[in-house]
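Each of the two complexes below includes subunit A, the first together with subunit B, the second together with subunit C.
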Partner chain A sequence: MSIVETSADDAKNDAEGRFHPHLLGRRTPIAIISGLATTVPAIAVIAVLLVLLSKALPAIKYNGVHFLTSTAWNPGNFYANPIVTNGVEHPILAKYGVWPLLAGTLESSIIALIFALPLSIGAAFIVAKKLPPRLRSIAGTFLELLAGIPSVIFGLWGALTLGPILSKHIYPFFAHHAPNIIFFRLFRGNTGNGEGLLTSALVLGIMVVPIIASTTRDLISAVPRLTEEGAAALGFTEWEITRKVTFPWISAGVIGATVLGFARALGETMAVAMVSGAVLGTIPHTVYSTYSTIAAAIVTQLDSALTDATGLAVETLAEAALILMAVTLLANVAARYLVKRVSSTSLPIGKGL
Partner chain B sequence: MLQDSPSFDGDVKKLDEGSFDEPGSAILSVRHLEIGFNAKKVIRDINLDMPRGHVVALIGPTGSGKTTFLRSINRLNDKISGFWTKGSISIHGEELLSKDTDLLELRRKVGMLFQRPNPFPMSIKENVLAGVKAHRLAPKSQHDEIVRENLEKVGLWKAVQDRLNDSPFRLSGGQQQLLCLARSLAVQPEVLLLDEPTSALDPISVEAVENLLRKLVPEITFIVVTHSLAQARRISDHTMFFYDGKLMESGKTENIFTDPQMPETQYYISGRMG
Partner chain C sequence: MSNKINAQKKRSASRRIANVVVLVLSSIALIAVVAPSIWIVFQILHKALPHFTFSVLTKTGAGLDGGLKNEIVGTAVISIGVVLLAGTVGILSGIFLAQYAKGRFASFLRAASDILAGIPSIVLGYVGYSALVVGFHWGFSLGAGVITLSVLVTPYIAKTTEVALRQVPINYIEGAEALGFKPTRVLSRISLKTALPGITTGLIVAMAISVGETAPLLYTAGYSQNLPKLTLTHSPLGYLTYAVWTFYNQPTKTALQLSYDAALIIMVLILLLIGVSRVIVAQTQRHAETRR
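Let's look at the complex of A and B:
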């Protein structure tokens, strides 16, 4: 007999077709919560997009498509009487272009990934495979702690310590010895005081490492032991096991983690604002150039933008934010596509496992 | 569970060494083997000879040390912390437990099939070739031939010939295990260790694997750990009964199952233990 007391109603319901009001009663809150959980993120994304769009609309009208290609960042004369163009009130001579910010955002994030990806994957393999179990958990904890450090601290460190050291001791070496040919040319020139593209990309890279590394470490630990043992039992060297079995097994997940890291780098604001040199309107021409990103520009420009009585400056920042959001979403879509392609032969989907 | 179990502290039965049929000269010899993890001894002073070209079943209750012993033959336990061995395992008189043993070559000679299919994350074709490529056993021009030959050997060729470049994970569990067998056969091993190779398979796949083993002897010597007594009886020529880290009894499968000499063996094969 069942140890749970059942009422006569239940017994009747059982007989008549398994309708259990008390079970349904218990299930309803779960249904509501899970319903909310699935719809809230979608609603939030759409709401943010709509709010940004409505805020940015006048700027989109005024700036036009040139916004994407122009390098100007001129709020205009706030003290003269505003004029109206295309139905939008704006300060005289106002002209905005997001191209340098967009380029700076992409460049710094891509350079950050170039540093962070090999470092993260290497660190993940060492933590998951090479360290003795006790050290493994300690190293893992520090990796996660690194992810929790506020970005303003990274920014401070980049601006006060890393930047000056690099610009005094490391950058001059590259600046003097880089050949004057394509790509390497970017390493020539004035190294400045350490604020600039390469320094901020390095800081970004360090911030991204724990995101990619801790996910990759978890993925490595989740590779079935039997599969790796099978490779060892077939006479694979350790390197062959890593290259031919472990890495293909986790590659789709690593791409996912990389995009998470990339999105973090794209949207990182404070550290970049502190280390980039916060220069608007120029595209970096060497890796030492000062520059800015969309996120950093929004935070550094907001104060002065609020003084624009016509509202155009703030609306332009909203438009820039919209573009940042579009870039981040695009990166996610691209990642989904990549993950799909990579997993077609390597991911263990199917029967029998 | 054990019920009216006798004391197991008695003497271990003498092995019928050298009594193997042709072509059953010993391929693998074990002398005074002790295996343990840290302070725990898992195998106690085992001596045995594996007859060449036969199927040898290792049976015994869980925790009797048979899988540990099996995984020591290809040194797969080496990486587990605290693992140690004493004594000797040799193949053709060549010591396997020495520091100088070439593990990669040992594992080419002594292959292994696991409890569950473990295809690698690469195409079906690349799975068959994985070992061939790692050991550089054949030039590229012969690869297609090797794939076909080994898939035919395990009876999988017809089912997969049109999708050699597909993922192996879409195959059924039984097909995956056959693919793993083909992968092992492709490096031309002399001995194959099988660790409960059919425990995760459906009955039809079990039969396919079992028939295959019978077909592949005497070219290959199979050492099979199994919890299925019926399977041991069906497929093996020799049976070795492990109990509590000791080799209790060893002999022709027929004799072990019809006329066991040790009380422990009797208890186990009659289903009263384990």
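Let's look at the complex of A and C:
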């Protein structure tokens, strides 16, 4: 679990193109077998796309373009005889729109980043610059722990501990004192029981901190000493060195890590399903509103979708999954491309390892 | 003149104040980052321990009551399956990426692996469900769950294996070659042996993910109150994360207790795994000849 520290070395080796030329026995059995194994992830990515696409095709045909803009989530009447539209069999009155889910996904992830980004950068700055090695390693262990805590346990904590505390002690203050003007209006209104947009975004923010913080820490440590010392010799304060020398040096990497964290937040499932209120078909109108995301909707709705004898409900979930997948793929590829072009530190994968 | 000096002094004071403010804010940020993990662990201890009974470990589930034995065994079986399957594939592809692959093809394969790790786990769960459970008619089963989870964790193992192999000092390899080792023997006797701690850490990460993942399993492994049967298909099985997710909002107290008990067991397992990987890393650093 402490792969985090080594990613910089890895990238350096990558950049030097160093491999062990002595072992290039390309026709040995081990080379062939391991080569086959290496294609598994590529095949898996393609298979995932193909399965989703083929599964979603009837739903794409039936739901049409309105799927992206409609706010309806009505599976239709399962008990009446199904009818056929556009060559797709469906329950009568079935109408689906992904817009509330997509908006919920984007909103919660963006709010999560607003929390996570300053916290991660501040923490990474202290860890890399101010802590003695022993404390640095302890802080690293806590980041690992944070990355290792399962989504479902974040959900449990968010739904039963954090949410109730916030809705009882913190949210009412904002709800009563927020002025009734643009933006601040979002903080007025019923604070509910703690399940909702702001609470789940907070939990999401905590969950993506390890990705951004560990990358930023590695990037800060990799900035050449001399440039920073030069700035120090000119009389810069630590903050000025960080702002004028370190941050410009690492900004592309931090942006990449942030996009990666964003992708992670977009796809987070269990925690959001437990803390969002999992309500379909409404767009949150205050920060306390219950809502749902695409990922959470798939996990909470698939069970009941299976009762749709025509299969449209399940296929619609595939269509939603396809949209989620497209957005996360885009974010992932963009982040990696960006960082690869301008930085020597490679991004962590998955949960931030 | 003195005005100018005063202004300069003021400016440098404001610079120093800005510096202190940023340091204080950053320290608060660090505390805010560290605090939730401690809070979560203590909250679970606080909720689970007062009513914890060891019968939870020995009884199987019974509705909203009973124990977690079936889930514990299920999680163990699934994790072992994932370590075997994803471990084989991941270590092999790590070897290939470190030793044989080069150029564009290699970076394509590497990118595919990185991207796979970025796919939301529920999407993998959905695909596992529609391809394996429905498409192959396996039903909710160990096989479907293990394969879906393995797809999820293979990139982690591949990555750690590759990194570990790349860090094997070139001297070791050249030394072995000078002694007349064949390439395959260099790989098995020198490279893999030296990289073993790193590879093991990757397997531990895979295990921790298998213990903690929920979304890919809900619709592939399904759920059962009985102990898992060791058949790959047509036999659903329980796992700890299922208990957390299903029991946390049920109306009875026993159900909530089961949810926290399962969370406690999961956290203990994950803390253990993190501890083991820490020990391995510390050991290797002590034995390392040079600081890398």
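Following the convention adopted for this analysis, the second predicted complex is superposed on the first by the 284 of 353 C-alpha atoms of A that agree within 3 Å, B and C clash if a C-alpha of one lies under 4 Å from a C-alpha of the other, contacts with A are read in each partner's own complex, and residues count from 1 in each chain.
The rule we apply is simple: contacts are C-beta pairs under 8 Å (C-beta built on N, C-alpha and C of every residue); 3 or more make two chains touch, one makes a residue touch a chain.
Quantities reported herein were computed from a predicted structural model and do not represent experimental measurements.
Contacts of A:334 after superposition on the shared chain: neither subunit B nor subunit C is touched.
Once the two complexes are overlaid on the shared chain, A:266 sits against subunit C while remaining clear of subunit B.
Contacts of A:299 after superposition: subunit C is touched, whereas subunit B is not reached. In the superposition on chain A, contact is made by A:45 with subunit C only, not with subunit B. Contact with neither subunit B nor subunit C is seen for A:326 once the two complexes are overlaid on the shared chain. When the shared chain is aligned, no partner comes close enough to touch A:309: not subunit B, not subunit C. Judged by the touch definition given at the top, the superposed model places A:237 against both subunit B and subunit C. Looking at the superposed arrangement, the partner reaching more residues of subunit A, out of subunit B and subunit C, is C. Of the two partner chains placed around the shared chain by superposition, subunit C is the only one that A:125 touches, whereas subunit B remains out of contact. Within subunit A, the residues touching subunit B in one complex and subunit C in the other are 237, 240, 347, 349-351, 353. Interface residues of subunit B, counted against subunit A in their complex, comprise 74, 76, 79, 81, 103-108, 111-112, 114-123, 130-131, 134-135, 165-167, 169-176, 180, 183-184, 187, 193.
Looking at the complex, you find that subunit A touches subunit B at residues 132-133, 224, 226-227, 229-237, 240, 244-245, 248-249, 344-353. The touching residues of subunit A, when paired with subunit C in their complex, are 1-3, 6-7, 9-10, 13, 17-20, 22-26, 28, 30-31, 33-42, 44-45, 47-48, 51-52, 55, 118-123, 125-127, 130, 139, 141-146, 148-157, 159-161, 206, 209, 213, 237-240, 242, 260, 263-264, 266-270, 274, 295, 298-299, 302, 314, 317-318, 321, 324-325, 328-329, 331-333, 336, 347, 349-351, 353.
Subunit C contributes residues 15-16, 18-19, 22-23, 25-30, 32-34, 36-41, 43-44, 47, 88-90, 92-93, 95-102, 108-109, 111-127, 129-131, 135, 151, 154-156, 158-160, 162-163, 166-167, 170, 173-174, 177, 183-184, 186-187, 191, 198, 201-202, 204-205, 208-209, 211-215, 218-219, 241, 244-245, 248-249, 259-260, 263, 266-267, 270-271, 273-274, 277-278, 281, 292 to its touches with subunit A in the complex.
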